[in-house]
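Take a look at the structures listed below.
Both of the next two complexes hold subunit A, though its partner changes from subunit B to subunit C.
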Partner chain A sequence: MKDSRNCSTVQLSGVLVTLAAAAVVVIVSIFILSKTPFSTIYYFFIGPFANKYYLGNMLNSVVPLIFTGLGISFAFKASMFNLGGEGQVYAGGFIAASVALLIPSLPGVIGIFLSLLVAAVCGALIAGLSGFFKMKWNTDELITSFLISNALIYTIDFFITGPMDDPTNNLLATRKIASQYHLLRIFPPSSLNISVIIAILAVIFSFWILFKTNHGYELRLSGLNSEFARYGGINIGKYIFLPMLWSGAFNALAGAVSVLGTTHCCIKGFSNGVGWNGIAVALIARNNPAAVVPAALFFAFIEAGANSAMINADVTIEIASIVKAVIFFLITSRVIYNSFRRKALV
Partner chain B sequence: MSNTGFSFPVIHDAIDIMTPFLLAGIGGLVTELSGMLNIALEGLILLGAFFSVIFASITGSLFLGLLFGVITTMFIAFIFGAITIYLKANEFITAIAVNLLATGLTAVISFHFFGTKGNLVFDNFARLPVFDLPALDSIPIIGDIFLGHNIIVYAGWLLVFVFWFVLYKTPYGLRLRGVGLNFKAMSALGLNPKKYRLEAIVISGFTCALAGASLSLNIGAYVPNISSGRGWIALVVIYLGGRTPLGILIASFIFALAESFSNYAQGFINIPADFILAFPYIITVVALVLVSAIKKRQQKIS
Partner chain C sequence: MQTCLEMRNICKTYSINGRTVNKNVDLTVRKGEIHALLGENGAGKTTLMNILYGIIHPDSGEIFINGKKVFIDSPLTANRSGIGMVHQHFRLIDDFTVAQNVVLGMEPRHGLFKFDNTKAEKDVLSVINKNGFKLEPNAKISDLSVGQMQQVEIVKMLYRKADLLILDEPTSVLTEHEIQNLFIRLKKLVKTGKTVIIITHKLKEVKRLSDRLTVLRSGKVVGVRNTADVDESEISRLMVGRTVALKPIKVETEIKEEALKLENVVLKKRRQERPILDNLSFKVFKGEILGIAAVAGNGLSELENLLGGMVRITSGRLLINGQDVTNEGAAVFRRAGLSYVPSDRLKRGSSIESSVRENIILTNHHRFVKKTGEIDSSAADEFSSKLIDNFNIDADPSTRTGTLSGGNIQKVILSRELEHIDGLVVFAEPTWGLDIASSEYIYKKIIEVKSEGAAVVIISSNIEEIINLSDRIIVMHSGEIVCETKNTEDIDAAVIGDYMLGLKNDFSKVTNER
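Coming up: the complex of A and B.
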């Protein structure tokens, strides 16, 4: 594609077709499932904007999606598959909570920084393990990342419901972290907090790394054509391992900011679905960090809409999973994109 | 399930436990040989488990439940395959779609028709019949280990043989494997490789549906996430089995034996339930990494 503007128009048209199909599926399934379809549709599409509380919470749920979207983008850019997002997000949240509970009386900024840092490093190592196996023995990272993630989920479940459970609370969760580690709320009464700024900084950082540094150039080149990259003198083994480190670190941060900013403790299964959604966000954004933000917004909207429809009407929240499935089915279709490409060329 | 009536309960249970791995494994093998890694096995098992038990309760018939359950799952596999192959979508991403659809669709239907997203228990149809040969019961060991399983267990063994025969002894199997080896060459030979891949995916839908049905029809109930990672273990089983039906049979037995043993050990040592759930994932990762490390070493030597 010579004309880069043309190319991005094609990309955008393809994405819009997919999202339109998803919207159609929402409406059709609501008509099938709901006794009061029109009000259910209203709650689905308008509910997330109904008041400050809903709007703020929806915007807050964009934050972890931005992090996982970035995390998966880093892996995809290097043609690596990280299917372990679920476990990495969960581990990130669990480790951030554990660190904050271990050092309960440091100044807020230092404690927050340490929690985020340790969570990111652990997440990087978890995903990096799959990258390492791939680099060393060509073990399929797609399968190992998923299996390791699931093993982690159950192991963390054990700690949260067992030795680390807060006995004073009915919730299956760790104890609350000290209040100086809570990220500042900026849109009361909702949970929206300054982690949204950390997320925007992460987007800028990722964009800079991927597109403005030599490291990012080599990473993208290894992803596009590893043989070519190898002939160009790039150590492609390195770009099997490093993207997984980035990927795991960002995924873990998604969990860590949820704990420090929203829940203030690690609740059992709090990350359910965030890892998979990160994959969808990265795909909608075509792995471009800048586009991760609108893609994450869209996804947060679907979740919030399904949630609002569940609370106010007679459908269940899993309706969101069906919508997501439609997006996953169509978003990578080359036929859909090519149909626009031909028109764009004419 | 420790059957105290059997003198080799660990092995007897392992034969039951291996069935979903085996069935999903041989279906996954067909897609694997046609050149696609099918990570939708997990979702297809879940769909098979759900729809077979739902249709069995609607019709009141075990057989019709199994039949419609299998057909529905094959239909969803067909959609998955058609989108992947004819709309040229990424096979991993569409497979994730199947897995998401499976958890979403089962919860939505369950909530809409039964008012719950929890366990669905039915008692208006028979359990899977258990196969017994009184004549063989008296033979020690063999009778203990190989008799007294439900019919899907035996169907699984039969299918391993059928799949081996079709894949390696018929022109169809040869062509299907040819598609996996060289997609373009098969196209040049005048075959339609896309059709073979689509059929492979639908076949995997068939065996995964049986795998799922063996879980739900056996207890007459559907439990959310009843597949609990078996589709992923089946994927690893395909690799460890060297991508052959016999290898898959052996590998799924080894995994099942490990699981059966850990269930059995529960009786003596108190291991937290979460660790029992994590256990299959840990041993599959370890096994996968070990085998790939050994393969790499062999490659270096040769």
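Coming up: the complex of A and C.
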């Protein structure tokens, strides 16, 4: 017992040290890149909390990140790589919007449930395809998931800009979905809506699945040591396929709640990196569903801070991206984390 | 005689678990001697050597080389101080040649960047010749035998001008023949002024090879002796703290029905004509121990994979408790009645990143699944605590398995596999790398399993183990059964050894038809 507690304190302090290092890097790079460093720092760190609108929108942008973070974590836990997050998020949003547009007259709760469900199932099948190929022919899921996702993005682009484009506005997007499909806004004037509750439930569900059930036990063992799992009689082929299903489903839900909760239509390219950012979130959270929430919060905060600094101070989009990139490089490199951990161990 | 190395008052406690692994350890090694460092698993000998080699930093203590105080904080500084270490697990690059591996890190160059392969091969050849090794500098590592790889490791250290060589369990992977060659080479090396420290727990080798010895127990030095002055039983008493009977007592058990049957099993690799397992047929009956011996590389590990359900065969049949399970996979093998203690404990036998509980419940975990799909954690805890007690494992259910010693990991595996026995238990290299006390414990368990009426197969390259435990012996050489015999009192280990090495192949099959 003592061992494991020690380990988790070490881990936690490792993460905190990394975060502190990241903050230092942000401040230093702002001093180098900005002519008005103090106001830039103010907007970067305080901007996201400046008013209800900013705060609510930042919290709202956490939701899809939680879903993709969970999605990627599920795959990583089983030692599978899902690089198709971006396409799966996009497809999830597109499918959710399509369901709402095809059957606009369904009562709200049922309609929302149905469109989320269909989106999740489609996402699961898309990612599951890569898992299936790997199980069957040992193709590399890293490549197939990426390729399938890319093909999907262009296909969906075609539908949104072509047959399903809404001619009444000049946005490249589908028509607006019926209002009973909208997820309830809970923090006006921001877009924060009840999807945040769905996300928390998803976190609890994932934690339960991974750490409390037999399915999760077998999945984690297959991921940690597939030879051991096979030796113990676990069907490891199953745990090549199933984690990809989970992964795709969660990624698709990220897109679906964005459409139903925030945009209310499927805008071309709305996923905008959420799929990729899910990988960063999963890495920060070290694939632990419970840690996905703070990791996603941190990620959303950095995004919102960079945006706020961009709008209010002299930071350009390139500089904001550089700062963001440096932070995630630090966080995901694990160098600081590991060196700290090693020191604590020796 | 001149002192080559002196370590004084070395202390080391791991902060993570508060375990003290070295307590005021003193070690003195004279120039030109072969010094054996002895102790059980977890006695602290590898830690001590890792401190000397700069891999681990001690809490306190001093190190003197040739009377001069040195600070060693990395293997590189150790090399500079003339210390070289050959690890138990080789650190070689398969696709590189011998010479390229040897010079790696201090390569001769043309100009600033270009690697000078010709000079590397020339330099390495001169080191090889000077010290009486038999190696081709331009041979690829992947084409070498294990014994030759070890030579490469030693040459690597000599190339780095090491005067003090540390060898960690050098014989555990070698055949008898290779061990002899190694010993001859080491003795030649010390004649040229080198000094050798050998970490081991094989008493016979200590007697044969070393000049002096230091014994560690629970992190403390319990004895320093001239090897000529002590006998094996005294050394083992120093190591364990009591006398042990290494020779297990055989138990006569009634032979019952057949538990395992192989019929003309052939295993071929794709695009390879020569089979790895060539037409194997044998039976194992409940109440007997069948020992299968071979030198590594002769199909032993493939046979292990086959019996564990980890590999598909090309032709033939395999039956467990009368059920045809050919090519069915581990799950079906286990349901048919197999328990299997694998040779690779860290990769196959356990998941070192998982807790002890998660390791113990595998194969039994279906018992704890509730209707909701949840694992009943309190029942699983109770189950694993019970097995931890029964098998005297030094751990909690929540301990990370990777932090346990080798002997304890093997006990975790044993507890899982022996908890439920259904007629057949396969042990592969059951005591490989384990100390005397753990080996003794495992031998006791094996005998116990047999006397409870199960069929036991022991796959081992350790001929002593096979002869001490088995009722029948099968010897394999290059994938074929070259000898099958009852294990009687007058059986000669040397003859079995000849079969293992392929020196004899006049199939002296003692039929076991019943």
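Here is the rule we go by: the second predicted complex is superposed on the first by the 314 of 346 C-alpha atoms of A that agree within 3 Å, B and C clash if a C-alpha of one lies under 4 Å from a C-alpha of the other, contacts with A are read in each partner's own complex, and residues count from 1 in each chain.
We adopt the following convention: contacts are C-beta pairs under 8 Å (C-beta built on N, C-alpha and C of every residue); 3 or more make two chains touch, one makes a residue touch a chain.
Fair warning: this is a prediction, and the values are worked out from it, not measured in the lab.
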First (subunit B), second (subunit C), both or neither touched by A:Gly162: first
Partner chain in contact with A:Ala291 - subunit B first, subunit C second, else both or neither: neither
Which of subunit B and subunit C A:Ala96 touches, first, second, both or neither: neither
Subunit B versus subunit C as contact partner of A:Leu221, first or second or both or neither: second
Subunit B versus subunit C as contact partner of A:Ile143, first or second or both or neither: first
Touching partner for A:Ala254 - first (subunit B), second (subunit C), both, neither: neither
Subunit B versus subunit C as contact partner of A:Lys212, first or second or both or neither: second
Overlapping contact positions on subunit A, where the subunit C interface meets the subunit B interface: none
For the subunit C and subunit A complex, residues of the former touching the latter: 14-17, 56-57, 308, 310, 329-331, 333-335, 340, 342, 347-355, 358, 362-363, 365-366, 368-369, 372-375, 377, 396, 398-400, 403
Partner subunit A, residues of subunit B touching it in the complex: 37, 39, 79-80, 83, 86-90, 92-94, 96-98, 100-101, 103-105, 107-108, 111-112, 117, 229, 232, 235-236, 239, 272, 274-275, 277-278, 281-282, 284-285, 288-289, 292-293, 295-296
Complex contact set, residues of subunit A against subunit C: 1-4, 6-7, 208, 212-215, 217-218, 220-221, 224-225, 227-235, 344-346
In the complex, subunit A residues that touch subunit B: 29, 33, 81, 83, 133, 136-140, 142-144, 146-148, 150-155, 157-158, 161-162, 276, 279, 283, 315-316, 318-322, 324-336
